[in-house]
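Next up: the structures, one after another.
In the two complexes that follow, chain A is the common piece, with chain B as its partner first and chain C second.
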Partner chain A sequence: MTLEAGELHERDHEGFLSEVHSFEFWFQSVEGYLHGHPHGVSPSTPFPELAPDRRAALVATLSTYCVGELTALEGASGMIGFAPNRATKIFLATQVADEARHLEVLLHRLAELGVEDAEAGFEARANRHLMAFRERLLAYVVEKDWLAALFAQNVILEAMEFAAFQTHLRTADARTAELLGGVLKDERRHIGFGENALGRHLASHPDDRRRLREVRQSLEPLVFATFEDAALQVGLPAAERPEIARLYLDSVARLGLGT
Partner chain B sequence: MLDARTAYSIQYWLESCPQGYLLHTEFGHERGAREPGFVLENPVVREEAIGTTVQLVVGERAALAASSGLINAAPDAASKAFLATQTLDEARHVEIFTQRLFDLGVKRDELESTIAHHANPHLVRFAEILLEKVDKKDFVAGVVGQNIVLEGLAFSTFEMMQAANRDTNPKFARTLSGTIADERRHVGFGENRIGSLLREQPGKKPEIERMQKDMAYHMLATLADRFRGQSAAMQEARRAIEEQASHGGPTPRSHVWHGTDLSKAEPREMEAVLAETVLKEFKTRLARIGLDYQSPERP
Partner chain C sequence: MREPLLASADFDPAEDAGARDGAARSERRRFVLLDDTGFDEVPAKYRRFYRRWRGPGDVLAENEVLCPVCRVVIRSARELRPGDRVYCMPCMSRLEVVRGEAGRLEAIVRY
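What follows is the complex of A and B.
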């Protein structure tokens, strides 16, 4: 059973919490697409031959994704300590396992591509704008700033990853595409959680919109710069590049946080 | 044999835990299983079950905070991945023991007040000592406190409770058996990963041994409080079990755990066997990672 983001948004608050903030729900959600898919890929999916320049671009892109997932892992785990209630802590714990899995499957794919000791080198190969984003997000976590950390982590970062992976799927080889497809299903849950939690908070604390707009304005240049570099690396045609930003902006717009 | 990197991976955890021994369970037990009548219908036994379960929730909440808080301090991706699986294990334990409180009749809006009422102050202090290390991002001390001391306590406590409930409360016993399997992994990680780090940082040993001594004191004090105050409830539970057996319910059999028959032992004997077992395990595990066990004062 996998719920689409739209379905999650239609649930009432109590129904949403009781359904999605549990180990039980998490396992029901992931089992369908992870069972029989070690490291996120079916064993029968062929290993494609990649031209050297395409392979190099893919290694750089996957390294950037690794930084995104490491950031999400460190962000989500750090937020458990100051999450406002038990259900939120449990949801974040499921997200921690998801993010660690994403990092693991990406490192595994890098190893398949012939990268030696992928873990040791991915930060050096990753996009510098995303590295700067990571620093800002983890600063919110260290400050135990729940609202800013949740927005930066579960809306901006997750929406950024969702948009990048969704776009990359169009040009990806079969193994990378299958791996990203599973990751995307997790990201939908994470974004749904972030939007629901923040949307309800903003409904009762409308003044906090201004604070979140400030967070958005401070992080967005890094988001768009990362997109620009990623679009070039995955070979996205120029005409289609605005699409990656639109996918991201849709998520932010749902919270009514227009610039 | 699995190498350490594989054994710490999400993939290994997925296949062994949720796709392994937790498959076809809900909240850690067989689907549809219920607490037995002698627990739900006897107010003394039910209250004792709530008090015991609250201590489990308090311990697991501390473990959740500690394992998640240590991820950012972990020195490599394999340790981060393992701690991510442990974070979700601990969250599951919080969930299943909280669910047991609901199954025992605690109302959802009374959960926090019930926990505050029953939480043993020594167990709360035990958790605080650990979380002070986690807050300082002290990975080595945090993992010793979490994966050797706290998990070692949980492992032996759950084993004893599982043995005592096997015949008379299969629902709770099944819940415990899944958590025991998890704790075994967590303790193994603590021993394997920390031994090498401690050899690189021998100067940390005195501070960590002090932490272990403080945590061991509060652990012993918690056990003393729990067992010494439960004599009447334990007798009432045994009487209720026998009464249920006389009406066709499960017949309690003797369960000898580390030389003590749990179906007949006095609370002081049970306290003694659990404390001795936990401390013996501490000594063995601490010695494996190069630490000397520090004996606390007896509460």
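What follows is the complex of A and C.
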């Protein structure tokens, strides 16, 4: 149901959730920043000349991002089949569309950089820790383990991507930065959905925190190794590296899943 | 000449001052949210309720609070106070306004 704007904050929670989980909300949201941006970039944005070493680093980084997006695409689409209710299935369908777009624009950027058959080679160039994380997440999906899959995908993976993209776009060339900026806007929805859906579940099932802490502990070495490699790849100064994991750690703390 | 009220045996100056303070506290500043903040991540009719956060040096107005989940500034048509509820549409969170340790207004998630 679409509500009039009025004083937005006076709405009831149920009506708010009903609207923001809808396909209509998604469509009107993405229209604002994707219209007129083929492959996520304005047609007037110039093609920068990159030095060979910088180009090689960018190709490796974008290949890692492709693995993250492919994982989320396969994860979110698989989760629709065992999501707990209709609103969640519809939200996940919008996330599937987002993730598919992300993969497509990243592959397009790789092609712009002169990578031949980008789709065939990105997994070989990607970060090995993220590849291991991908296997674990998709195993939760195959097992239809809703809580673990939602936590691994919409809290951990999305927070990793959000932090990596936000950090990277500060130093990226204009076309890559614009593309990542658009992807970040989608990631806000995915992160928020994951934390809020888990938060509502844990409020009525507090014992499930124990299970999610186990999931967290088993995945965390891969998460931090991926964060560390991503920070090195985008040239983040050592002093700023702890900041890249802050979004994820803050979310885990709010959910009561800290150590 | 004494004020008529002061002549009353029931008059309590402290109580009167408290009542005036209470009235002042209950009056909230209203804000007209007509400006385009450039925020484009929600449907057009809701964009005025949000703006981008400009980093640690960003000063929040009396009707603004920062979303701790996605770091977007949430705006209200009225001055915000502890206990108020706001929604962050970009990340779909329900938040409660609280007074933080530093004395500033902050938001915490209410799942």
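Just so we're on the same page, the second predicted complex is superposed on the first by the 245 of 259 C-alpha atoms of A that agree within 3 Å, B and C clash if a C-alpha of one lies under 4 Å from a C-alpha of the other, contacts with A are read in each partner's own complex, and residues count from 1 in each chain.
By our rule, a contact is a pair of C-beta atoms (placed from the backbone, for glycine too) under 8 Å apart; a residue touches a chain by one contact, two chains touch by 3 or more.
Everything numeric here is computed off the predicted structure, so don't read it as measured data.
When the two complexes are overlaid on their common chain A, residue A:Thr45 makes contact with neither chain B nor chain C. In the superposition on chain A, contact is made by A:Ile191 with chain C only, not with chain B. Judged by the touch definition given at the top, the superposed model places A:Gly199 against chain C, while chain B stays out of reach. Once the two complexes are laid over each other on the shared chain, residue contacts for A:Lys89 go to chain B alone; chain C is not touched.
Applying the stated contact rule after C-alpha superposition, one finds that A:Asp250 touches chain C and leaves chain B untouched. With both structures placed on the common chain, the touch criterion links A:Thr171 to neither chain B nor chain C.
Contacts of A:Gln28 after superposition: chain C is touched, whereas chain B is not reached. Contact residues on chain B toward chain A in their complex (touch as defined above): 9-11, 13-14, 18-19, 22, 26-27, 64-65, 68-69, 71-72, 76-77, 80-81, 83-85, 87-88, 90-92, 94-95, 98.
The touching residues of chain C, when paired with chain A in their complex, are 40-49, 68-70, 72, 74, 76-78, 84-94, 109, 111. On the chain A side of its complex with chain C, the touching residues are 4-5, 7-9, 11, 13, 16-17, 20-21, 25, 28-29, 32-33, 185, 188-189, 191-193, 195-196, 199-200, 202-203, 250-251, 254. Every residue of chain A that touches chain B in the complex is listed here, in rising order: 22-24, 26-27, 31, 34-35, 38-39, 70, 73-74, 77-78, 80-81, 86, 89-90, 92-94, 96-97, 99-101, 103-104, 107, 119, 138.
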